[in-house]
Amino acid sequence: MVVSTARALYADTDQMGIVNHAVALRWFEQARAEWLRRLGHSYLAMEAEGMLLPVYELQVRYHKSARYDQVVLLDAVLRQAGPVRVIFDYKILDSDSRAVLISGTTQHAVVGRNGRPRRLSDSMQALLERGQLTDAETP
Amino acid sequence: MVVSTARALYADTDQMGIVNHAVALRWFEQARAEWLRRLGHSYLAMEAEGMLLPVYELQVRYHKSARYDQVVLLDAVLRQAGPVRVIFDYKILDSDSRAVLISGTTQHAVVGRNGRPRRLSDSMQALLERGQLTDAETP
Amino acid sequence: MVVSTARALYADTDQMGIVNHAVALRWFEQARAEWLRRLGHSYLAMEAEGMLLPVYELQVRYHKSARYDQVVLLDAVLRQAGPVRVIFDYKILDSDSRAVLISGTTQHAVVGRNGRPRRLSDSMQALLERGQLTDAETP
Amino acid sequence: MVVSTARALYADTDQMGIVNHAVALRWFEQARAEWLRRLGHSYLAMEAEGMLLPVYELQVRYHKSARYDQVVLLDAVLRQAGPVRVIFDYKILDSDSRAVLISGTTQHAVVGRNGRPRRLSDSMQALLERGQLTDAETP
């Protein structure tokens, strides 16, 4: 589901005259943070609770170029909700035409502040599963 | 084969105390540019000749964290050498232990200055194939 | 005047646990773009009309650290409105306390698509002066 | 004195076809790190010793555009060597013509791991002063 919007900065472009491919990772990060915020939580709070989610794998597919000043919709869906791995799927859409510009996936480990693998807390697990239900109910 | 080195900047880190995952894309870019330079050519010259290589798909796998000030080796191998698609595989290695920190792939379309698909020129195609031979001969 | 807001991404932080100082330049860019948009124009349109505004000098002062997930207010004021030079002053404020986190200035040349110095068009000059009046009237 | 070199990446450019102004801050960071390394120390080691140097003010002046793939020389000179403030001056030069592309200054506070102001250790102070002498002796 669409959870947020962003607008491409000049600093996001490169000399091909389009948004550099690396910017997708910023938009994905914003999308998963807003996905979580919509549930009344935040990644900031997760870290305070000792659960960090470093990316261990990602895929990105570029369908159409994004351009300077373009407003994009950030769509995120939680594919896997722990307990030791969290996977998000994303779509970046043009805000006018709703054409898909970029799609992709990030896979996250769950680690503690010491960097060691751990499981999500039960309450965090329950929260993410509730978010998945909302994803499923939203067209 | 290892084509270049890089050193992680402070600006490349995030508050997890490690190099942010997006930096992999900078290292991949540097790796493929140096892969080409080793053949006596450059991406700058390719663009001047009207051949641009926008990324249309990428995968990255993070094996171990890279850290501030760490020197990494950039390894690139050309998997597909045109004529309408160019695919590079990468490994980012710790310069001391040679442990693989990051691996990944970028897939590039071949387009002209107008952004339309085109084929590599015959001489460019021959150059890339020569580079592939060198990849195969280098342990 | 406050023209927009932003939220610090994880990718904006560094291992000091605060937003990296370079992010100020992204926020300044967003602020001046929104300053212009508020007048019914855009930097995108200015470029289409053949007026580019490369930065030739900038100063930044960091008063307090910005942190991950913090929402900031972007305040921009036009100090000089052409015809051959455009100067913006900025303040980045915490959205809750309104404390100033960052302040700074960017000075821009006016150049054409060929990179050569030129003057603002009369209509652009008039638009920027109208914006300055609004700045002066807004507390 | 020239302490290192860098090469502009494609990701460093923007749609003006030149290196984005924010890249200066990456080059300045690399320059001061290499300035210190030349003395047999490193910023990594300084942080391990509990001395952090956050930027609290910076100025940058852009003299000529840097371009994709251009090799630049990074010149850093220590203007003030503590005990509570460290100031570096920089010049970014074209590696062929030695023309100055960018110049600037960063001013750093000295803080401990808790973010509170502190003084440089005596040995660190002595090291920086030795570096200043070398700066003065080098044309």
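By letter and in written order, the chains are A, B, C and D; residue numbering begins at 1 in each of them.
Assume a contact is a pair of C-beta atoms (placed from the backbone, for glycine too) under 8 Å apart; a residue touches a chain by one contact, two chains touch by 3 or more.
Computed from a predicted structure; not experimentally measured.
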Comparing A-B against B-C, which pair counts more contacting C-beta pairs?
-> A-B
Would you identify the chain whose Cα-based centre sits farthest away from the centre of chain C?
-> B
Determine the centre-to-centre distance between chain A and chain C, using the mean Cα coordinates as centres, and give it in whole Å.
-> 27
Per the C-alpha means, the centres of chain B and chain C lie apart by a whole-Å value of 34
What is the distance, in whole Å, between the centres of chain A and chain B, each centre taken as the mean of its C-alpha atoms?
-> 25
Taking each residue of chain B in turn, which ones touch at least two of the other chains?
-> 10-11, 16, 18, 22, 25-26, 68
Any idea which chain D residues touch chain C in the complex?
-> 16, 18, 21-22, 25-26, 52, 54-62, 65, 115
What residues of chain C sit close enough to touch chain B in their complex?
-> 10-11, 13-18, 20, 22, 68
In their complex, what parts of chain A are in touch with chain C?
-> 7, 9-11, 25-26, 29-30, 33, 42-44, 68-69
